[in-house]
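Structures follow.
In the two complexes below, chain A is the common chain; its partner is chain B in one and chain C in the other.
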Partner chain A sequence: MNKEQIENKITQKFGSAIEIQKTKNPEPFIYVSIEKYIEVCEFLKTDPDMCFEYLFQLGGVHYPDDRFEIALTLSSHKHKHELVLKVKLPHDNPKAPTATTVWEAANWYEREAMELFGIQFEGHPDPRPLLLYDDWNYGYPMRKGWTGPDFIPMPDKTKGGDD
Partner chain B sequence: MTDVTKNIQLSEEEFLLNMGPQHPSTHGVLRLVLKLRGEFIEDLTPHVGYLHRSIEKIAENRTYAQFMPFTDRIDYCASMPCNLAWALAVEKLAGIEVPPRAQYLRVLMTELNRIASHLIYLGVMSLDLGAFTPFLYTFREREWILDLFEMTCGQRLTYNYMRIGGVSRDLPPEFYQSCKNFTKVFLKKVDEYEALFTYNPIFLTRTKDIGILPIAVGLEYGASGPTIRGSGHNWDLRKVEPYSSYEKFDFNVPLGTKGDVWDRYMVRVQEMRESCKIINQALDGLPEGEIKAKVPGVFKPPAGEVISRIEAPRGEMGYYLVSDGSTKPYRVKIRTASYGNLQVLRYLSRGWKIADLVAIFGSLDVVLPEVDR
Partner chain C sequence: MGIIEKAPLYIEKFPGGSVVTTSLESALNWSRASSQWYLLFGLACCAIEMMATGASRYDFDRLGMFFRASPRQADLMMVCGTVTHKMGKRVKILYDQMAEPKYVLAMGGCATNGGPFYYDCYSVLKGVDKVIPVDVYIPGCPPRPESLLQGCLKMREKIYSQKLKDFASDSKMV
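== the complex of A and B ==
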């Protein structure tokens, strides 16, 4: 299916829970509301026209005003198409249901987002930290504006060429 | 240190064994906590993160061009593909057209790097299985490839060769002949490796029918590259979603049948031969012209989001890039092949002995800095 067909089918099925993002990319970029997140994931994986059986990556993004999103890149090896699924998380309490029930691969990606962004994934089977060391208690380093004991921000030099 | 044994229930015959972080077979620093019954593995918990350098955070504090050398460090055994994926992501975002000569040079270097990476796999895997000699042989050939890289970009390990819009340097005059000689000699060397390994009874005992990966399980856990192709899953991004003019090259995608350690070995050995084919085609068909598109010195791509995907030696790698229209990327999420491949290890090693775990782990060709980033 091409970009328009995927967008149409998913909008027909879920209606107002879906918001199509206008981009120049060949892949559809789709926002889904947090209530329908797991339902949409299951649909994307199992529907014979969609068949997104492969989770390419899952990562958090911290936008200004403390707004968090998670972005999933999905790929279908059967139909050879891709999709970026994004979820806006609640402002004060970034929390999402876990996608490990749909794709096992989400396990480590969610653990990573949990410790680096402080996004909670409810129902995660193994919510231990993944990358940071055991005694880490300096907060969530991938959040914008984070500073820690050894963190020195780069001086802002916009001058300078490529080579 | 937190107590890893805390939540593990053990019966009387079971016990825990710590393997790593410094273990000869972990190729970097990986800690495995094994739950054993006798010599058999009941369960396994990988602990990663010993090489975490937070490259994603670094990216947010560097300009697009400044981040290129950092991509080298994601996977130092195969830096060129990491460079390439970053360049492709930024070019996609900014809509930059790469000149044909640069595209061919990228393919040439990526394939040379693929061979170098598979040679490391082959040598180190043989070390893990107790054979020392093949390691010396494979590193002898790898040395030649590193010389070719040094000739072109001055570096032997972290190349920083690609640029946004092209590559940094053209080939030196002596490159063509040396590279041609290499492919000619190397194909004979692959036969030599095969004579040492492929039907060697000891190697067969250690690898045949060990650690079988069904395709469905591999996809579920996010395995990719030779790991999943060893199970017979025909999926190679160079064919499926050609980038950097891969559609102009004629090569095959080697597939395994069963998905055991031996199949994954065979896929990689055959991929080295296919890469030689691509290198020869790239050398002979190298178009004339520019090696770099015109990119402004202060480079500001439009705001937006892109994803890029390529077939690195270990599998699919790619970037999810968010730009806010400034000189620095807003967010870079790096997806690497070993991340998915290492997640499968737990499934694969259950029920096997510790000695088999070493073979299984070797066959996944995991490079730890790529997992930790």
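== the complex of A and C ==
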């Protein structure tokens, strides 16, 4: 299926829960509301026309205006098409249902997003830290404005300075 | 520089053969500098240059350097690559497991001071000298094998200049 066909089919099925983002990319970018997130994921995986059986990546995003999102890149070996699925999360206490019930591969990606962005995934089977060292207690390093021990921010070169 | 250059001066003839007389200091330094077995520490792209230097074109073996995969058998720790905070603890453990005398060579920008990860980075240690003492720093990103070889020659010079009294105290000898 091409980009328009995927977008049309998913909009017909879920209607107002879906928001299409206009991009120049060859694959569709689709926002889904958090209530329908897992339902849409299951549809995308099991529907014979979609058949997105492969979770390429799942990542957290923190925007400078303090919005949180998660972004999933899906791909289908059968139909050779891809799709980017995004979910807007609540501004304070970002929380999402786990996608491990649909794709087992989401396990480590969600652990990474939990640790680096502080996004909670409800129902995750193994919510341990994944990457940072054992006695890390300096918060979530990939959030905007984070500082921690031994952290040196990039000097602002537009204002002039030593280097 | 070492005992080899001066060896003919030290040879004493006596009936039935000859002996070599030298000071304990230069004999120790010669043996230490001439068989620097190094601990493999490939952490990033610098490791590729280290492997190239160890292979036949540049050939570490002619300096008496062989890689050891165990810290118990190694004299020299070459830290080749980006040391993260998480890895820094492991580097310290491996350094403590090496037998004296031991030397450390920090290869490349990352191991020297954090290099390209100096600013805006939560995970990279700003230089391996924050956790272990370093003898020779080699700049470059990554350094060419020629730079690494020169670093090893500098390390030999440093070992040849060691004094015996430096070894007597409990403090770090290098």
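In this section, the second predicted complex is superposed on the first by the 155 of 163 C-alpha atoms of A that agree within 3 Å, B and C clash if a C-alpha of one lies under 4 Å from a C-alpha of the other, contacts with A are read in each partner's own complex, and residues count from 1 in each chain.
Going forward, contacts are C-beta pairs under 8 Å (C-beta built on N, C-alpha and C of every residue); 3 or more make two chains touch, one makes a residue touch a chain.
Everything numeric here is computed off the predicted structure, so don't read it as measured data.
Once the two complexes are overlaid on the shared chain, A:Leu130 sits against chain B while remaining clear of chain C.
Of the two partner chains placed around the shared chain by superposition, neither chain B nor chain C is touched by A:Asp65. Of the two partner chains, chain B is the only one touched by A:Glu53; chain C is not.
When the two complexes are overlaid on their common chain A, residue A:Asp92 makes contact with neither chain B nor chain C. In the superposed pair of complexes, A:Glu122 makes contact with neither chain B nor chain C. The partner that reaches more residues of chain A, of the two candidates chain B and chain C, is B.
Look at A:Gly148: by the touch rule set out above, it reaches chain C but stays clear of chain B.
Of the two partner chains, chain B is the only one touched by A:Phe29; chain C is not. In the superposition on the C-alpha atoms of chain A, the part of chain A touched by chain B in one complex and by chain C in the other spans residues 132-133, 141-142, 153-154.
Interface residues of chain B facing chain A in the complex, by the touch rule stated above, are 1-2, 48-49, 52, 54, 56-57, 60-63, 65, 92, 95, 163-164, 168, 219-222, 233, 235, 240-241, 295, 297-299, 304-307, 309, 316, 318, 320, 322, 327, 330-331, 333, 335, 339-340, 343, 372-373. Against chain C, the residues of chain A that register as touching in their complex are 132-133, 138, 141-142, 146, 148, 150-155.
Those residues of chain C that touch chain A in the shared complex are 85-86, 89, 118-123, 125-126.
Residues 23-25, 27, 29, 53-57, 59, 61-62, 71, 73, 75, 77, 80, 82, 84, 103-105, 107-108, 129-134, 141-142, 144, 153-154, 158-163 of chain A are the ones that touch chain B when the two sit in their complex.
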